[in-house]
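In the two complexes that follow, chain A is the common piece, with chain B as its partner first and chain C second.
Up next is the complex of A and B:
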C-alpha cells in the first residue's frame, strides 16, 4: 500500500448501491477524487444527487444490510471500503468525523449535551471523568456557546437549533479529527445562524488544521469557503475543479443551471430565480445516457444513449462530463 | 419537574379520594340488610334496629363516610363480622405474599425481556428475533391459569420439586428457600405474561430508535455497539416499556389472584375470593381499597420514573 503523506483522502471508483424492493439503486456511481491536508472542498448538487450517501460512504457509516459498496476510499492510507466495523470505529472521531444535517435529530434527546461530548473523550481518548468534563466545557466554549459550564447540563431540547448545531460541531471536534465531513451543516438553521456556523467552521478549520468536506446544495455557501468544488448529479461527479474555475469557467450545463438558480446579491430585487426544469432522475430507472439529458436544453441524441465520462478542461484538475459542453468563455461571474 | 410532581401528587390525592368513596359505597350497594348477615336470619327486629343504630347506619351517609375515612386514615379498617379479627391485620398478613410474587415476577420479566429485546432489535428478522417474536405471540395466547396447571403437572407432580404444588405455601420466616420454591410457580407464570408485553414493546421501540439520526451520530463518534445500545438506544426506547409496566402490574394483580386461588397461596387474592364467598363485606372493602390505592401508587411511581428517563415529558 502506497502511503502518500500529502494525500489525506483518495476516493477511487466509489459506488454505493442500495438493494431495495424496487431493484438496485445506484445512489453513488463511480466517484473518484483526491484531497490533500488542510483543504476545504465542497460537494454540491440538488437533493437526491447522492451527496449525503457519498459522504457517509466515505466515512463507512452506511447501514450494514442491503447495501453494496465497491471501489476504494483511502483515508490517510487506510482502506475504508470493506474494513470491519472495529477497524472503522478506531478511525471514527479521531481520523474522520461528521457533522450531521439536522441538529434537531442528531443529538440524543435524553442525554445531557455535556455527557454527549465527554462520552467521546472518555471512551476514545481514555480521559478521566473530571478531565473529560473540563475538556467538554472547553469545547463548548470553543464553538461559541455562552456560559458553557451551565450548558453542559442542558438537554438538547433546551437549546436552540443553532446552539445544538454548535454542540454537534463540538462533539465532532472532540477527538481532533483530521478530516471533517460537514453534511449540509446549516440547512436546518436560520439564515443568520447559517453564516455564524459556517464562519465558525472555517475558523476552527484554520485553528485546528483540519480538512473539511462541505456538502451542500447551496452554492453561495461553497463559493468563498472552499478551494475545490465537486458538482454531483444522480450519484456521479459531473464537474470538478478549483472553486474559482468552476464558478467562472464551468463547462457542464448542469453546473450553470445550479449557479443560475441560486440568488445573487447583485440581482435587482424581485428578480425571478431560474429553476431547473424537471426533477432529478429516478435512480432505479437510469438510462445508458447522461442522467441530466432529459432536463438539459443542450442535449442531443448522443446524450440520451451514451454517458459522457469526465474529461479534462483547460485548467489542470478541472474536469467535466458532457458531450456538448458550454463554450470556453472568459466570463466574469460575481461571487 | 417539581411543578409536574406536585401536580401529579394533587391528582393522586384526588384519585385516592374517589377510590375511597367508591369502596365505601360498595357496602351500601349490596342487597339486603347487613344486620341480617351479622345476627342471622332469626334475629328479632328490635335487636336488628339496635345493631343498626350501633353501627351508625341511621346517620346520613356522608357522616358515615367521614367517620369511616377517619378510621381508615388511622389504619383502622374495621373488624370482620365473620372472623371477628381486624381487617387491617388480615391484610397486613396477606399483602407481603402478593408483593413478593409481584416483585419476583417483575424481576424475572425485566431480566429476560430487556436483554433479549436488545439482541432482537440489533438484528431484526434474525433467528433470535424471529424465534422470540413468534414465540411471544404463542405465549400471549395461553392464559395464566393454563400455564399454572401445566407447570404443576410437570414441575410439582412429574419432577417432584418440593413446595411447588397446591397448598404448599411456606412463609419466608419459616424457611426462605422453601418460601422461594412455593412462590416460584406463581412468579414464573406471571412473569411469562409480563415478559411477552415488555419484550414486544421494547423491541419495537428499539428498532424505531435505532433508525434515528442520533444513533448514526453515536456510531460516528466511534462508540462500541454495546455502548450505543445501552447508553443511547435503551433510554429513549424505554418510555413505552415503563408505561406498559405500570399498566401491566395492575392487571397482574388480577391474574395473581387467580394463581393464588389455584395454588391456595394465602395472599390478598386468595383472601379476597374467600371473603367474597363468605360475604365478609368489610374485608372485601378493605382489600379493594388497599389494592386500588396500591395500583394508583404504582402508576404514580412509574410516571415519575418515566419523567426521569425522558426529561422531555415534564418540560411540556
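Up next is the complex of A and C:
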C-alpha cells in the first residue's frame, strides 16, 4: 500500500464521551493528529487528561454500552471508528498492538507465559503448535528474557515486574504490528528496570520498523525517547510539536507549568518547585472556555468564555491552543 | 558543619527479618544511620530494597529483629505499652496511598483530632481550634471542608489531611514513606512545597523515603542509598548526586530520566535485576550486577567508609570522589 509510508495513523476530531449517571463525560473531546511510520510519539498529561482513553479509542477498545465515539481514526487507511469487532480483530496484532500499564493484570496468572504468546500466534497467524512454540521462544529471546526455553513454562507470578512487562511486549510483537501503543509501560517499574524496558522498546522499534505511541505522565520518559509529543489537558490537545521544540519553545502556559513543576535531579536540594494552583477540572462540568483557564495566571475574560483552537507556531508541525501564548523566544529554564 | 551536635535519631545495626527457617528474609540487613535535628534525610532505593521496612521498623509498626533505635536519647526498641505509645507521639508517619490511609466514612476534622482524643492532651474548645488551625495550615478551609467525609477528597487533598493528622501531636520526626508517588506532578509539587514550609514552621526533622531520585534531591539535605537491605552510600545530597561514590548510585542516577531533550541520554544501563533477598550474594550485595566487581567483592563484604567528610561509601573500589 502506497500511503503506508506517508500516514500510518490519521486521527481526526476524535471524541469519546462516556454516558455516566452524573451526565455526559467527554473524556476525549475532539483530538486530531497524524502520524507517519517509523516515528515515536509521546502523549503526556496528568491523570484524567484523557491520554489512556485516547489510546484505547485509537485501538478500538471501548465498552459496547454507555459510550459514544465520534470522529475518525484511519489506521493505514482503514477506519477504526464504527468498525465491527471482526474487522477490528483482524487489525489487532498485525496493524496495531497495545501494551498496558500493569503487566500483572494484563497476563493470565494461571497460564504459562509461553502459552499466552502461542495463543496469539496460533489464532492470528494459524501456526502449528510446534511452530508457535519455537516462535514464542524466539520472541522471549528478542525481548531479552534470559533462558527463554525455561521461561516458556513459567507462570506470570514466577517472574518479576520487569520480566512480565517483557512478556507483554513479546505478546504485542507476536504478529509484527506496524503501530505499538504503549500505555504507561514503565510506570510501576523501578528506574533501572524502566531504563532497560525503554531501551528495549527503542531498539525493537528500529529493528522491526514499527511506530510507537508512548503514553505517559512522566516528562522524563518522553524527553529523550520521542520525536514528537502531544500534551493533553482535560481531554484535548493543548500543544503538539517536535519534542525538542515543545520542551524549548512551548507556547501554552500549561506545558510550561507541567515542565516547571516536575522536580529535577539537577536542581540543588531544597529548590522550591513551581506549582499549578488548583486541580484539573471536573470533566462533567467543563465550561465553554479554555479548560486550563481557572488555573492559568495569564487567563483573561476571553479564556473563560471562548475555547482556543490549535494554531500553528513558528516551527512546522508545532501547534498550541491558547489565546495568550507565551512569547515566541521564551526558553525553558535550563540548569 | 556542626558535627558535634547530637543526632535526633540514631539507628544502629537495624535488622528486620520476615519468616523463619528456610524462608527467612532479611528485608533490612544491618542498617545504621543518624538524623540530626532539623535536617531531611532522603532514603532512596528500588522496590524491595528495604526502605519502607526501615521506616516502619523505626515506628515499630514492624518489629525489628535486632539493632537499636534511639530517638532523642530514648531507646525505642526497649519501650513497651504506654511508653511505646508515648514515644510514637514524637515520631509520626505519612504513608504512600493517601486515600486508603484515611477512613472514608469519617469526617476529616475527626480524623485530624483522633490523636488528640486518644491522648486527651487537648480537649474542648482548644481541641477544635487546634484542628481548624491544622487544617488551615495544610491549605484546607476548616469551615468549608471540616465536616466533609474523607472519601469526598482527592488524593492530593487526602495527603494534606494526612499531614495535618501527623502534625497534631507536634512530633519531632516525620517519616514520609513515598508520600508523593501516587500524585500527579502538579499536585506533587504543591505537597512538596507544603512539606518544606511546615518543616520550617514546626521545626521538623524528616526521613523522606522515596524511589524518585529527583524528588529526593529536591527535599533532602543528606541522602542514603539502599540496595538489598543495606545502605551502600550516604552523604550530602548535592555531592552524592554530583559525584556518587558507589557504582550502584551511579547507575541509579544514570537511569533517572530528566525532563530535558538535551540531557545526556542513557548512560550505561544497569543490566539484570536485584537478586532475591532470601539468598543474597556473598560479600558485596551489588557484585552480581556490578561491572567493576572482583574476587575480593565476593569474599569480603565492604563496610561504609568515609571518602569525604560526611560522605560514606560501602565499596572496595569507590568511584573517584572529590575530583569534582
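Some observations on this one:
Just so we're on the same page, the second predicted complex is superposed on the first by the 320 of 335 C-alpha atoms of A that agree within 3 Å, B and C clash if a C-alpha of one lies under 4 Å from a C-alpha of the other, contacts with A are read in each partner's own complex, and residues count from 1 in each chain.
Here is the rule we go by: a contact is a pair of C-beta atoms (placed from the backbone, for glycine too) under 8 Å apart; a residue touches a chain by one contact, two chains touch by 3 or more.
On a predicted model such as this, the values are computed, not experimentally measured, just so you know.
Once chain A is used to superpose the two complexes, chain B occupies space next to chain C without a clash.
Applying the stated contact rule after C-alpha superposition, one finds that A:27 touches neither chain B nor chain C. When the two complexes are overlaid on their common chain A, residue A:140 makes contact with neither chain B nor chain C.
Contacts of A:266 after superposition on the shared chain: chain C is touched, whereas chain B is not.
When the two structures are aligned on the shared chain, A:157 is found in touch with chain B, with no touch to chain C.
In the superposed pair of complexes, A:97 makes contact with chain B only, with no contact to chain C.
The partner of chain A that touches more of its residues, comparing chain B with chain C, is C. Taking the C-alpha centre of chain A as the apex, the lines running to the C-alpha centres of chain B and chain C meet at 80 degrees, rounded to a multiple of 10. Of the two partner chains, chain C is the only one that A:193 touches; chain B does not reach it. When the two structures are aligned on the shared chain, A:123 is found in touch with chain B, with no touch to chain C.
Here's the short version: in the overlay, chain B gets within 12 Å of chain C at its closest Cα pair. The residues of chain C lying in touch with chain A in their complex are 46-47, 154, 156, 184-190, 192-193, 196, 211-215, 217-221, 237-238, 241, 251-263, 265-266, 269-271, 273. Chain A meets chain B in the complex at residues 59, 61, 85, 89-94, 97-98, 100-102, 105-111, 119-120, 123-124, 155, 157-158, 168, 171-172, 174-175. Across the interface of their complex, chain C is touched by residues 46-47, 160-163, 190-196, 199, 217-221, 223-224, 243-244, 247-248, 257-259, 261-276, 279-280, 332, 334 of chain A.
By the touch criterion given at the top, residues 212-214, 216-225, 227, 231-232, 235-236, 309-312, 315 of chain B touch chain A in their complex.
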